[in-house]
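Once you scroll down, you'll see the structures, which are given as structure tokens.
The same subunit A turns up in both complexes below, where it pairs with subunit B and then with subunit C.
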Partner chain A sequence: MQKRRIWGFFAAPGMVWLGLFFVIAFYAVISVGLGNVDTLYQPIPHWNPIDWNVGYLIQAIESVIPGGQNWDVVVRTAIYIFSAIAISLAIGYPVAYYASRHAGRWRGLVVVLLILPFWISYIMRMFAWTNLLAPDGYGSKVLSALHIDSLLSSIGLLDGTDWLGGQGVTVVIALVYGYVPFLILPLFASLDRIDQRVIEAARDLGAPPASSFWRVILPMSKPGILAGLVLVALPMAGDYYTQTLMSGSPSTSMIGNVINDYIQGGPDKSLGSAMTILLSAVLLLFMLYYLRTLRREQGEVAA
Partner chain B sequence: MAHGRNRVLSPAPKDPEAGLSRRSLFARTGAAALGASTLAGLAGCENTTTPVAADGGSSNGPGLLGDPTAGGPVDSAGIPLARRDYPVTLPRFQKAVSASAKPETGGVLKVYNYADYLNPDVLKAFGKQEGVEVKVTTFDNLDEAFSKLSNAGLEFDVIFTTPDQLSKLVGRKLLQPLNPELVPNLQKNIWDAMHSPFYDVESRYTVPYVVYTTGLGWRNDKITLDPASLTNGWDALWSATSQRGKVQVLDDKREALGMSMLHQGQPNINTGSQALVDGALAGLELLSQRVRPKVEISAYETLPAGRINLAQMWSGDILSGAINYLPKGTPASVLSYWYQSDGGPAFNDCIGVAAAAQKPVIAHRFLNYLMEPKVAYDNFVGYVGYQPPQKTLNAAKLFSDGILPKSLSNAVVTERAYAASNGYLTLTAEGEQIWEKAWAKFRAG
Partner chain C sequence: MSTTSLRNPWGKPRWLVGITWVYILWSLLPVLLAIRFAFNSGRSRTSLQGWSTKWFFGDNSFSVFGDPTLQDALTHSLVLAGLAMLIATPLGIMLAIGLQRWRGRGSGPANIVALLPLVTPELVFAVGLFLLFTTAMTTIGLGTTAQVIGHVTFSMSFVVVIVRGRLITIGPDVEEAAADLGAPPLAVIWRVLLPLLAPAVAASLLIVFALSIDDFVVSQYLASGADTTTVPMRIYAQARAAPTPALNALATLMLAFTLIALGLAYAIFRFFSRGEKGGSAIEQIASIDSGGGR
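Now for the complex of A and B:
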């Protein structure tokens, strides 16, 4: 009993913090999205749930279904996120695997190198890319020397050779670059936790390396993969500044940009808030799927 | 085009918006905002998005100037739309500060402005002279500024704004009337045309800050362009297919959609007509297909830096780019500028004193200070790049003397060009929504 009270005491500041900066803030978003506007189109939040007004939410839903004004953006965002997490996984898994199982005495260094990008803010790292990928930047020169730009434009992924000229592929690359460490770290932790003896047992029982990977390591790292994918996909879904910095063209707008435009740019804050509620609801569904899978996996392990 | 414009801009009785009361206006707007079918389904539980009046049922009574239907169309604050041939005298809700009031001493003078829009040296000098610290808080765009002033209750002493936003600020009682005796430099130093401007007759609330035109800026070392030789100069932007991805359009719904209207030869850039705004949107979508422009306001930095080659920009931005943002070794002569001299946008920004000002006298003195010829000059040439409408400033001479780059000499705004100009002015509440929706559609790609 005594013990429990002490832990409650330790958790209290964190709970207060979350209460202030997440729950109340999100309730304010809901109250604006389900509120009304005054005669100058400034939002009037409806704090009391009895007064909630679904007009803007319906408008938001109508805009994101096929045929709606933002349908193209929804599809584009889904394609960008799906491509970005697929590439992130393809890059991140081997790195995490190497770091956890084969890095040996370099392990600590590899982990530090993975965390290193966080020493510099996300925005600064993106700004660095805008210089690297500028027409006379080192990055575009290297990519041009390797004929990567002409390769991509020949398969229609790049329009011309100007990486910063409103290219979807640049946005995807930037998203991968910005978020891939978030995928590697949980993956690393999960691979690291796999009992070496289980793998040895697979080998002892005659499984060739490829087979022991497919049938033992990969399934056992699934919670790590899922956690990593969730960790990168959720912020990507709300990201707008990557697109703004790397492209800035409406032809690559993501759903985060649309919400940002509604809220920052004009008198449609209520609609922007309603879109935020909608986006959060969709992300919550993914989150629930992740939690359910996780519980099932843990159940299997326990059994 | 210039002589025909007044006719188009006039709020003549045949205007479809005329004769609408505010109340029916709002009802219509709300209904338009939500599909009619949805509205019917929700009517029972009052779940509609019809805007409601916030300030004590003012939508039921007459507008802020008495009967709003008497003078033709009104804006979302209930104030008639100011036009060159329909000047508006804004109502005073409180007394101006007395001319004999003592200047407040010490503390902070709080200024609300765009970023990089005041020379820090000028601020320092004023602070020293008056014994206050001048602190500038910045906003990205005027919608954000209005929203924060009106909802978040941010309190400032001095507010920078534009004429089309003015009636909203006054309607929300966010500005206080000026005492003309405390801003004598307005009469003394500023162009005569701006002493009692049509958007603020008697200069009750504002003094002008800087003047600008909106045009095209480009890197003449990277592309060959001569908009002046075209029948419609804006076509240079629409036909710049070789510059795909290296083109920029202003992130400003009025400027971008308005440019598309001018490109289509439609000079009424203050229309509230759905068909005309839709036409402008189609024009921007065509532009997007052809040259895939970025939509940003950073051309003053990206054009000199060479990241883009052609941009819709303000005259002050290309000068500020030349003054502050050219990389070492790049001469200012690589920048060129064009604007539509007959009926293109040319207007001014303005400054007022906040209703909530803690230092109203110092705020007046700040306004007056910015209209000192020497101060205005330092602010212009030393930093901001936007030209002050000073009687004694021979801006053209600054270019010929080489103080400002000769190649940009047509970024000068002459008194005559200003007088004959087209400007973005206040829209009706309904018109504003039409522009807003078209813009959101464009931004979503």
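Now for the complex of A and C:
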């Protein structure tokens, strides 16, 4: 009996810390979003659920439905995130596949190089692109020499030649650049776990390479793909800094920019909190899905 | 054409090799160029202009060590990272040990709360702490203390994941043996478990350091003014405002600190887990990363 109690005691300081600064911090968002403001528009949180005022929440909901003032931003955010995760998967899956199954004696080096971007500050990686995509930067020159800028202009994805001048396509590519390392790692882990003998069995039973990929490898890596896509879509949904660094124009604002502007910019902290509540509600299911796969993996390791 | 038709269709697909190396080049080259511009002798950060270290140490008010705002940002980032490392690691280790064994009412939700910061978008988390410190805990308020608390809160979950992974590798046998031989529970932890956890402790310390020094959103939301500006905040504020290569130099120094921390973590991890089976140390460190997007 005494043995069991000691473990609870061990977990206590960390749990108290998370209770105060994670759980109650989130409760503060709810209390401000469902609270009121004083005459200077400073938020007055309503900590007691009996006093909750749904006015700001209703205002927030009305702004994100069709016809509301943030509806365009919601649609744009969805388009940006879906394009960015689709491109990330198209790049990340072949890379993770090569690294896990075919890299051979290069494997150690390839894995280190794939992890490296994870440890370089996100802001520094975006800053590096502002150096390259400036009008006289090397990136702009290469893209111009390859006629990629005129190609994108002709299909309407690029307006003019200034890559940093409020271009949606720049923001999407920057999101891909920023988050694709976070997708490659879980893909690598799930592809690495597939037993080589399963693929050999498919071959021995007469499957050509293409069908052994579509009917064996791809289905077996599906949980890794889904978990990885959730893992990169979540931070994209709360991202505002990529947009500010790579574009800065309101025409490419994402939902994170709207929340950031309400909270840090103006007198609308209560509305910003209500928007944060909405965003969290939408993302919660995805977060719990990812945690479930994470715990299942840890359980497999333990078994 | 005969070579392609004779090639083993089950062999290594060449286009995969190509796409992987092109990706690796694309992922690292911009950063390498940004570092290279830090050593420009000219003022440009978009083209190469000779070599010089004047943007680091130059005797002018633009270099990292000449401009007090850049130097203060570097110092503040290092102070935050050091404090976060020293607080988050012990808390996370105890939490991991506790959660690993605690079976009973409340352990399910506790496990979820311990991992939730890994997947919570940083903006949601930062807004929460910002409102907490400006409405309820006004005695703490915004500033360095708030920033340290924020960094500890999100990095503690990484420590939990690292240490639990190690606890699973160690298994219960050694501890049971110590207990059977009459060691009291605290002695088992102090004299058996902690030494076995040493590689995970070292990895945790330095990974918290790296996470904290790279953090932007939490630092920005909980900052109270110029003296609480960190390196990523300084880069963010100046990136689009005609900066000089000194900003590249500042980013380069921050990256150097991160990579030194990781190199040390890797070396210590290797040293303590030498002779053990089960995946290379690189891949164990790699597996740590599968959470969080910051």
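Basically, the second predicted complex is superposed on the first by the 264 of 303 C-alpha atoms of A that agree within 3 Å, B and C clash if a C-alpha of one lies under 4 Å from a C-alpha of the other, contacts with A are read in each partner's own complex, and residues count from 1 in each chain.
Rule of thumb we're sticking to: a residue touches a chain if its C-beta (ideal position, glycine included) is under 8 Å from a C-beta of that chain, and two chains touch if they have at least 3 such contacts.
Keep in mind that this is a model prediction, so the values were computed, not measured.
S.K.: Tell me the contact category for A:Ala134 with respect to subunit B and subunit C: first, second, both or neither.
M.R.: Both: A:Ala134 reaches subunit B and subunit C.
S.K.: For A:Glu62, decide between first (touching subunit B), second (touching subunit C), both and neither.
M.R.: In the superposed model, A:Glu62 contacts subunit B only, not subunit C.
S.K.: Touch check for A:Gly248: first (subunit B), second (subunit C), both, or neither?
M.R.: It touches subunit B and subunit C both.
S.K.: After lining up the shared chain so the two structures overlap, which partner does A:Val75 touch, if you call subunit B first and subunit C second: first, second, both or neither?
M.R.: After superposition on chain A, A:Val75 lies in contact with neither partner.
S.K.: Just checking: does A:Lys269 make contact with subunit B only, subunit C only, both, or neither of them? Give me first, second, both or neither.
M.R.: both
S.K.: Kindly classify A:Ala99 by the partners it touches after superposition: subunit B alone (first), subunit C alone (second), both, or neither?
M.R.: After superposition on chain A, A:Ala99 lies in contact with subunit C alone.
S.K.: Contacts for A:Val54 in the overlay, against subunit B (first) and subunit C (second): which applies, first, second, both or neither?
M.R.: first
S.K.: Name the chain, either subunit B or subunit C, that contacts more residues of subunit A.
M.R.: Tallying touched residues of subunit A, the top partner is C.
S.K.: If we overlay the two complexes on their shared chain A, which of subunit B and subunit C does A:Pro43 touch? Say first, second, both or neither.
M.R.: So A:Pro43 meets both subunit B and subunit C here.
S.K.: Applying the document's definition of touch, where does A:Gly165 land relative to subunit B and subunit C: first, second, both, or neither?
M.R.: In the superposition, A:Gly165 touches subunit B alone.
S.K.: Under the contact definition given at the top, report the residues of subunit A touching subunit B in one complex and subunit C in the other.
M.R.: After superposing on chain A, subunit A residues 43, 130, 134, 136, 164, 244, 248, 264, 269 contact both subunit B and subunit C.
S.K.: Mind listing the subunit A positions that touch subunit B in their complex?
M.R.: Listed in rising order, the residues of subunit A that touch subunit B are 36-44, 52-56, 58-59, 62, 69-70, 72-73, 76, 130, 134-136, 159-160, 162, 164-167, 244, 247-253, 257-258, 261-262, 264-270.
S.K.: So in the complex, which bits of subunit A are touching subunit C?
M.R.: Those in contact with subunit C are residues 2-4, 6-15, 17-19, 21-26, 28-29, 31-32, 43, 45, 47, 91, 94-95, 97-99, 102-104, 108, 110-132, 134, 136-139, 164, 177, 179-182, 185-186, 188-189, 203, 208-209, 231-232, 234-241, 244-245, 248, 256, 259-260, 263-264, 269, 272-273, 276, 279-280, 283, 287-288, 290-291, 294-295, 298, 301-302.
S.K.: Can you tell me which positions in subunit C touch subunit A when the two form their complex?
M.R.: These residues of subunit C touch subunit A: 9-10, 12-13, 15-17, 19-20, 23-24, 26-28, 30-31, 33-34, 37, 45-47, 91-92, 94-95, 97-104, 110-125, 127-132, 135-136, 149-150, 152-153, 156, 160, 164-165, 168, 185-186, 210, 213-214, 216-217, 221, 231-232, 235-236, 239-240, 247-248, 251, 254-255, 258-259, 262, 280, 282-283, 285-287, 289-294.
S.K.: If you look only at subunit B, which of its residues touch subunit A in the complex?
M.R.: Going through subunit B, the ones touching subunit A are 22, 26, 33-35, 38, 42, 46-55, 58-59, 76-78, 140-141, 143-144, 146-147, 150-151, 168, 171-172, 244-246, 248, 251, 253, 288, 292-296, 306-307, 429, 432-433, 436, 439-445.
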